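In this document, chain identifiers A, B, C and D correspond to the written order of the chains, with residue numbering beginning at 1 in each.
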Amino acid sequence: MRDQVPYVGRLGIEIMGWERGKVTLRLPPSEEILRPGGTICGPAMFGLADIAFYGVIMSLIGRVELAVTTDLNMHFLRRPKPVALIGEARCLKMGAKLAIGDMLIWSEGEGPDRAVAHAVGTYALPPDRSAQVLGAES
Amino acid sequence: MRDQVPYVGRLGIEIMGWERGKVTLRLPPSEEILRPGGTICGPAMFGLADIAFYGVIMSLIGRVELAVTTDLNMHFLRRPKPVALIGEARCLKMGAKLAIGDMLIWSEGEGPDRAVAHAVGTYALPPDRSAQVLGAES
Amino acid sequence: MRDQVPYVGRLGIEIMGWERGKVTLRLPPSEEILRPGGTICGPAMFGLADIAFYGVIMSLIGRVELAVTTDLNMHFLRRPKPVALIGEARCLKMGAKLAIGDMLIWSEGEGPDRAVAHAVGTYALPPDRSAQVLGAES
Amino acid sequence: MRDQVPYVGRLGIEIMGWERGKVTLRLPPSEEILRPGGTICGPAMFGLADIAFYGVIMSLIGRVELAVTTDLNMHFLRRPKPVALIGEARCLKMGAKLAIGDMLIWSEGEGPDRAVAHAVGTYALPPDRSAQVLGAES
């Protein structure tokens, strides 16, 4: 995903943790994504969430070229510090047609109990993926 | 906003319409925001929505330095074409503490009845803005 | 729907307008759904939205027994008066798998520019409905 | 809340757990809230979420008469069984003006890893509550 869309790639998002159904990512700080007052802009956090949810799907069913986001809801909880953001996403439901996940995002050095944002999102999966996958719920 | 956050500024968003409580913006196409398959990436659409809602608030009460997004919910309806996106945002509620708006986004050359995305979002307004403003609902 | 779920049926929701892709409903006031202070409780408004979105789908493709809500997002804008609520829902996207709509709800005697709530929601459609339907987008 | 709004009271929601910032509720099954096919209707789940978020605020700052829901976003993940629902809500942010929480809802006998719904919501707090409260973040 980083390689394919320059606007997302330039965020430089890094993978910190990767297990089935749970992905932890890091968004490094940069001049580019800072807002006045030293906080991190919303579109960068949205990019982090979008990649994290896609990562969670990949952790469960492998690369899915045609998965598309159908909704993404973000709540901004606290002003992020001008440091890296850590985002941890989990799968809430992996179905045959839809995958739904949620995540918390916090400033590096703090933890999920001091989250700066919460996101929940849905991905639509392509119809032919079922051939590749075992165990998806209907 | 374009001037203050490079990551948002590089989207090159243009103002097409501006009236009290309603703002129309244009997100020009670029290699940078295209996804494989020739569609426009989610974070760029999120940036368009975030700026549009902030613009709607400005159209009603002027520049508000400390307004912060508290939630933003996007539904992605159709695959955008690799052309400019037009987004039209309106104010649903301008209160003393919160402003809420919604918007439709469509591919240039089409219209809102073929929207590619719908967004709804909330901004928290700073407490001292009430001094500057007349007519806000409580 | 009113007949099938007593908890929804007791709301006594009435159809005021019905055209392809657009449905207007009325939620009559009652002691049952009033909150202290004389305003209407959230679950009743949620019921109104849920039925309205289902109605919009029916207006486009007829009765769909197995359609299920996958997400519903409501913003509460103003305190409703203790009078009837009017809700107008429209279809934003009717696809083969998902239908998405939004709606405004206002107090009877006022209008959509003084909406008390905004909702957006997604329904998942059963796979075999495509046989019955012409013209759905993929 | 159960006492004050009959439409909510008739759900018969019970408190199962109560600690600072975390509340667990139980929605008993009844003919009234069942949908055809033996599943539980959306408005009842919305009522459960709305009460749970209000309970979380009360667990932190006591009774707040004038708190109002400003947004509530639900994702429906799986078809609930015709048994009781358990909902566990936590506080994500308790600020001076806004409180935000999320929750998972599952069928009794199962667990949060098989959640039937996820909700996130925001409450606006009355301005004068700050007098009563210590430790809220700004």
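Annotations
As a convention for this text, a residue touches a chain if its C-beta (ideal position, glycine included) is under 8 Å from a C-beta of that chain, and two chains touch if they have at least 3 such contacts.
Predicted, not measured: the structure shown is a model, and the values here were computed from it.
Chain centres here are means of the Cα atoms, and by that rule the chain farthest away from chain C is A. With angles rounded to a multiple of 5, the C-alpha fit of chain C against chain D returns 180 degrees of rotation. Note: centroid distance chain C to chain D, computed from Cα atoms, is 21 Å.
With centres defined as mean CA coordinates, chain D is found 30 Å away from chain B.
With centres taken as mean Cα positions, chain D sits 25 Å from chain A.
Within chain C, the positions touching two or more other chains are listed as 70-71, 73, 75, 100, 122.
By the touch rule above, chain D contacts chain A in their complex via residues 73, 75, 77-78, 92-93, 100, 102, 104, 115, 118, 120, 122, 137. The part of chain A that touches chain B in the complex is made up of residues 4-8, 10, 31-36, 41-44, 46-47, 50, 65, 68-76, 79.
If you check the complex, the residues on chain C that touch chain A are 70-71, 73, 97-98, 100, 122, 124.
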